[in-house]
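What follows is one structure encoded as structure tokens, with my remarks underneath.
All chains are identified by letter, namely A, B, C and D, in their written order; residue positions are counted from 1 within each chain.
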């Protein structure tokens, strides 16, 4: 463990990219050595190429890094490539790198539902990384591709996992209330969303429902068998900056002991906690008993944004209801990718 | 119809009260002749007692009306008393007036679930006014009390009514996203809700579920038999000014023809439309086909705030899903009260 | 007055364009017969080409108008061309039309400071239209070009005009607080401005200061002699939707009678009022005595957005201070253009 | 320095009080041992009495502290009493404690302009603490009273101090844009300020102008001679959460070298920096060259909220213009009080 792992970052000047830059700057063994961005920025120093929006200054060791391209040549000598690319650019760029032998861990949507590509939310399904033993052969790739889920699926999957036995026997109705940052820094204009709510996010509802089945799937015969999760999702954009909330209604005839449910959620631990990984939250699921929590402006930063907060747990009328909140930029994006790399190293895939 | 109906208004300086003042100013046959407010304002001119927040100036004929008390003496000579009182003050004040013989039509929550008090959303259940034939005797009152529903129940009940056959055979899961004005002008501080969402509104969820059963109930043997509506509600406060939205999920095994559903909603008409009442919307339910509607800043004023807008109608996975939006201050409060008075006059109760 | 004036509209699908469409729909003698928009929309029906954001539906007579190009051929048979084009596209398009003989009245910035082009805020300087008697010859144009000022200059110039004697002998320090709509519907992202203020608007400060001198200039010897207005402006973007506010500090040693000042402002009338033009506000400057006015959400729609509201008038310490508010989309853009056309017709230029 | 200084805190459950609790929890030698709040909370544990709104949990050592009264008896054994009381309650409570011998350092407004009470913004005028040598005798008090300025005056005074020679020979026009937190957590409702700006803050403009003269005053013959600062202030409430901004226009005929001005501001240091006090910012005034800075959401936390950020420095037209931003809760309130205590200890007043 003496040596640091050298990483490069695709999409380094975007909102999620900046969050990764900040998280990597303090990392004990991941070292950011290459940053790439869109063609027009290549050659510029990072500090001149980025419109920095994170609190505090750009980490010093990154300020003067020159922006490189996304081509293989520019990433040849790093151990892992992290990708915070926009979905529409990711497929061909990531594929080229993987075909050339790179290990790519990516937030972008292409390949998430590919049966040979692990879709990882570390606490939920780190075991799915075992797919990597077959990926090269099945795909004919020299490298490795690992995906992280959609930001909302990442957050919603957290409290569903410990309740998976109930959940798979139930119908699940979810309404998500998603922050504007989920659409990117310039994704939605003030005039469109201030004082407004928009009951539609393109593609989101299907992604969430499908990714939840894969995330909670079982590895059998070297394949992921999707979980039988019957969820119907409505996604609404709300005028908050950071933090995706979900109202999860699990319709079940089973007898429910609410205190048991709370304890199960609070005590949920997984490999990242057992191995005490640097980016792992001590307690992945925080349960609040106050009647008006979770709230984005108070709870979004719990465990530096890596924990989700669950409140308003109630069972009435054959409906088990939870309200979940998580940081879409950290738990839902930058942090989940870094934690995935930590797990991969722990398990020897890096 | 030569003579105007004289009305007085309780709670005239609040947000809903102001809205009523404005709506009454243009009314063809309702004439606002008395305004009451809290004791410290009695004797002042309306324009000096109110912090006017509606667009435009205070209607001229109201500006100099002196604020009167809520006592019977001060309302002796009006035909109808409208009440926009806060819930916590309403019970004893309204009761005194009714016992003394006044006709009171009220927005406040007390007595809403009383079996002898009609809870009226005119298009939905104007027939329930028939209870008034028995109210005096059963209650021992000299006057009459009619209630309007909770603002969210008023809005949500609109699209449920035409779908009532499906709805009563189904489980219904509702998430409401409610504007800040629903808590009153000074109800929620900027620091508490700006850029935030709060997944809790005291008492709201139960009120909505229960009032929906009464609103959709049937009058049998001179009693309201509540509808068998099994709804589970989660209410969330969102940082919008006006307009309550609801995501209504109706879980049903029936075969659904979405185009039929849309037509049924669009064509829904009731007594207020048939009688062409002054405050009635021409089309109570507007159906939008755009994928990102309804939105508060665009749709809330449809039909001057008296129509609700329904969008994102979908049937998938045994879930019929609608997104509904209505103006909580007009359809949900001031307008529903005025329309109720219009129906009562039409039917001879006034 | 039997015949209507046929107008076409450049930039008809933008935010100001939509506002003009709405205002023209109710106009007694201006008839919108052609709408143009960017090349990709040509041939579509207006209703299919526009993302309508105004309250209420698209005026019926415009819904099916086909989008035309900005070329002369497509505007040959209209009497006046109105322009709500973006600044960066306006110059060449408008010039082509003017050279071909069209009368163009435009909101866009190019040519505003051209000595041969009248820059008109009707109440302030309708007399400057006299320049049109010389424009064709001086410019070698077959048509006519009239400009409207920057939206903030339009609003700020209103209360300065009646105080011009004091103002031209003084130093003036202005801070403007400008709504997000001033940057266009998609001009500023929610993430950039929500809960934030940005103390910079590109190019704005200079435009305001310079245009104020031209607007208040005198016509002498067939030329505009700019007024001696020494103003220093700081422009700040604030998270409001509509309404530009200005704090105007006039540093003066003169004796000031505040009540006189208020009376002067209130009583200000000009040609549009005297001729009772359709779009003219009855009272162009509204003076509020309440200590906390003007406010955008209350005052912006005064006189349908055509009046400016002035409050907090104070003289202390040799500083005469006013706070001004106006509707940047109506008084500052769509309405000022339409009112300019009305004046031009009144004076025989159309 | 072995022993810690024991402090108690008045107004501990308010927004500024919570900020102080948080800052004191990490303090090297100030130890919070008593917390007081309004009578109804006395006896409760702090964690049960407070509606905690700061990010993160209540510091552990404070959670179970019982709320005490503001009476002398309850503060007898602390070394210093800090006060975050509301202005309207502060006078009598603080006076009782001072008369009984306590050292009180307070944020509240009463006594700020009293000639015998130092009004301290540490970097600006720590020397004024010398007044304390005369305070007991002149006032007949057994204890000591030290005041901190109004939050906006605290922030605006920072860049004025290094420019005091120019400033005292000039007329100064200031417009302030102040965050909602300045009015307290529940001070302004969402409906009143969201999407709005209010050009009035009760009492603020006068306080700022007057306190600036005292803060920049000179100690001569054991008295503060106010500085000759001729400033005219307009204060506007804007819908931001934290951070007061000021546009400072200094009207001056002097030759100005902008680069010199910037250097002077950047290099400004004072006793807190020289003595390296725990709460002192390393660089009290940060100068930004980017054209669109400072901005609240990016700059408010500079140096943990203890530095002010200055941008848009320009000299044109005989006006030297600066835009200043500071954290009204830290630099303007909680932090300035704690830093004042640190200076008092350094100078032997504690």
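Here is the rule we use: a residue touches a chain if its C-beta (ideal position, glycine included) is under 8 Å from a C-beta of that chain, and two chains touch if they have at least 3 such contacts.
Since we're looking at a predicted model, the values are computed, not measured.
Engineer: Moving only from a chain to one it touches, give the least number of moves from chain A to chain C.
Structural biologist: 1
Engineer: Going through A-C, C-D or A-D one by one, find the pair whose contacts repeat those of B-C for over half of the pairs by residue number.
Structural biologist: Selected from A-C, C-D or A-D as the counterpart of B-C: A-D.
Engineer: Shared numbers divided by all numbers used: is that above or below half for chain A and chain B, i.e. same or different?
Structural biologist: On the two sides of the chain B and chain A interface, the residue numbers are mostly the same, over half being shared.
Engineer: Distance-wise, how many Å sit between the C-alpha centres of chain A and chain B, to the nearest whole number?
Structural biologist: That gives a centre separation of 43 Å.
Engineer: Chain A to chain D: how many Å between their CA centres?
Structural biologist: 41
Engineer: Calculate how many whole Å lie between the centre of chain B and the centre of chain D, each centre taken as the average of the chain's C-alpha atoms.
Structural biologist: From the centre of chain B to the centre of chain D is 48 Å.
Engineer: For chain C, what residues touch not just one other chain but two or more?
Structural biologist: As it turns out, chain C has residues touching two or more other chains at 53, 194-195, 239, 241.
Engineer: Hey, which residues of chain B end up touching chain A in the complex?
Structural biologist: Within the complex, chain B contacts chain A at residues 171, 173, 175, 177, 195-200, 230, 232, 234, 236, 238-241, 245, 247, 249, 251, 291-297, 311-312, 316-319, 321, 323.
Engineer: For a test of understanding, state which residues of chain A touch chain C in their complex under the given definition.
Structural biologist: It is residues 15, 53, 180-181, 185-195, 239, 241 of chain A that touch chain C.
Engineer: Which of the residues in chain D come into contact with chain A in the complex?
Structural biologist: Going by the criterion above, the answer is residues 53, 55-56, 194-195, 298, 301.
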